[in-house]
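All remarks here apply to the structure that follows.
By letter and in written order, the chains are A, B and C; residue numbering begins at 1 in each of them.
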């Protein structure tokens, strides 16, 4: 008689072993960081072209021609094209990350009062908040970007502002994208926060008032700490969403990851290689974000609270 | 005549040993009541009989053949189970709960199934609730549907896993009454319960399980009045205080 | 930034052109969601009840698809597909696969929420695992999936706008094309507002319809045990 499994209680391991994951993330981020440092600082220090690839692209090219027509040759050809494209792609990745982080943070700042207004506000505030979130969530992100960029000619307006496009401040198109993503994200984050706040038992609010705290104090010290933890799955979602949909900024000329790879592909027609490069980088970003949020969830977890 | 036999059954959940060498037999027509503290393995023992849980070593034989020597699904037709949480199919009416097995497992036609299901629902006193959904029924009614559903498979033996533990006190009586009728009709029953009234009046034998081991076994009067082991006595006294030995 | 009346007239004059955009959008959404369902439900079932190789494969494929931006999926289907397929089908396949990856999670969650007891009860009357899935857990899971499904529907609807990337004549693309004309150049804001309004109405209609559908198929008395 073997110890077979029961109908319930089946434990499945989804992820690979810990070591492999750490290695993969290490290589991914390691390469990105090295590349960024090289482009911004290292190249000048070493007197080299910041746009030159770090990978042995010429070697790949030679190997590809040597084994031309075979599968190994095809592999090296792939590596050559990918290697050639990586410098530009990595530059774009930086912008992708900036767009994501800014949208997430700025969106949060707008979302919290929005959510509180929807849950605890009076009729007028509630309706206004509802209108805003429903409007934003009911229309496509791309359309919103187009409204801002083409419809309101926001980029033209921003270009007039000082510092735009100089040094660390991104060019006007990227700023428009940030504004668009922030507005979009604020509506979705408000919704996540709202449902998280509602997950907090009604009794908590009552108990807070009963102990003598004001409504605002109760919200701040009792409801929010619990509610924000319930909101972590939503944030995890939103972060992944922003990473992926930042690619739409390409359509308002922002040189982030997708646009860079697409532009290269339109030039050399190697769509497969370029899409793989972009796809792999996005996947790396998304998996890193999920892993990070998973860690956050574990760290702030209150034993027994939640599912 | 032995219908069900446990032969040195061992079962572990991870590191923890849940059943530690259980051996005994259940005669046809007997009403075997199993009692014991929580964690003693009583529910697990039941679930091993219809292979919802698999044993690690030893054997369980139904009608002479090992339960592992036959098709899983066929075995489960022979062994009826009633759950503590009822587990009625929430999306189906009471009638459909019973006809589902008749049609999908026993291959009845729609008309045959409906007729047979009506009989079984009548048997448990729920003919009028045939078109109701589980959410519309009381706990006692739900459990009776569960019994009807299990009976419809025409099993050789019925397993009851704490059938009344999830019920409000007023509703326990209707379920116990059905179980008593079933016993009188000669059904072989293996019952895990805290209902001492039922144990005293209907059980042909009481089995006390503790820590995965069979501590004592015998007719109800013996365990209640002249237990051989001190543990048995202590446990039964405590249980009687909580649940009352009054016949319901 | 003035909203000019001439702009609205321009839009109205082109209502047929935009109308076809609407048709494309709606058809694309419907086809993609259906495709997503046909692939996503089995995937969700496998992820819940499967084991070993098939389950691992489905899980990993799901992670891959859900981790890739939709624009890349669409462009991949358009440019990389062995046969040259029309933009509409490339978009439908791309959106469908994406939707399947997300619907599988909806169904997986719903199936898991149905509870082990239902499965156990079905098995204990002798039903095979497949039968139990088909007749007991899936019917209940489908009802529980409706909120998630509603959400997914509107996501796909909005994602059709990304088909702009492959030049499909859906609503957003046509709107963009309109303003690229000389006449349309000054009507940009109005055009996009009009289109956004259409999307908004579509979203609301979908949500309300699915709400009604949910009520119609609800289990009387609510989710019981």
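To be clear about the criterion, a residue touches a chain if its C-beta (ideal position, glycine included) is under 8 Å from a C-beta of that chain, and two chains touch if they have at least 3 such contacts.
Chains and their UniProt names: A, C = ABC transporter permease subunit; B = ATP-binding cassette domain-containing protein.
Quick caveat, the model's predicted, so the values are computed rather than measured.
A simple rule picks the central chain: find each chain's mean C-alpha point, then take the one closest to the mean of all protein C-alpha atoms, which gives C. Set against the C-alpha centre of chain C, every other chain centre is closer than that of B. Taking the mean of the C-alpha atoms as each chain's centre, chain A and chain B sit 54 Å apart. One simple way to say how far apart two chains are is to compare their mean CA positions; for chain A and chain C this gives 21 Å. Taking the mean of the C-alpha atoms as each chain's centre, chain B and chain C sit 46 Å apart.
Touching two or more other chains at once are residues 7 of chain A. For chain B, residues that reach two or more other chains under the stated contact definition are 52. Across the assembly, chain C contributes residues 120, 123 that each touch 2 or more other chains. On the chain C side of its complex with chain A, the touching residues are 1, 51, 55-56, 59, 63-64, 66-72, 75-76, 79-80, 116, 119-120, 123, 154, 158-162, 164-165, 172, 176, 179, 188-189, 191-193, 195-196, 199-200, 203-204. Here chain C touches chain B in the complex through residues 117-118, 120-128, 131, 135-136, 139-140, 143, 219-225, going by the rule given at the top. For chain B in complex with chain C, the residues that touch the partner chain are 50, 52, 73-77, 79-81, 83, 85-91, 100-101, 104-105, 133-137, 142, 146, 149-150, 152-153. Chain A meets chain C in the complex at residues 7-8, 10, 12, 14, 134-135, 138-144, 146-147, 150-153, 240, 244-245, 247-248, 250-251, 258, 262, 271-272, 275, 278-279, 282-283, 286-287.
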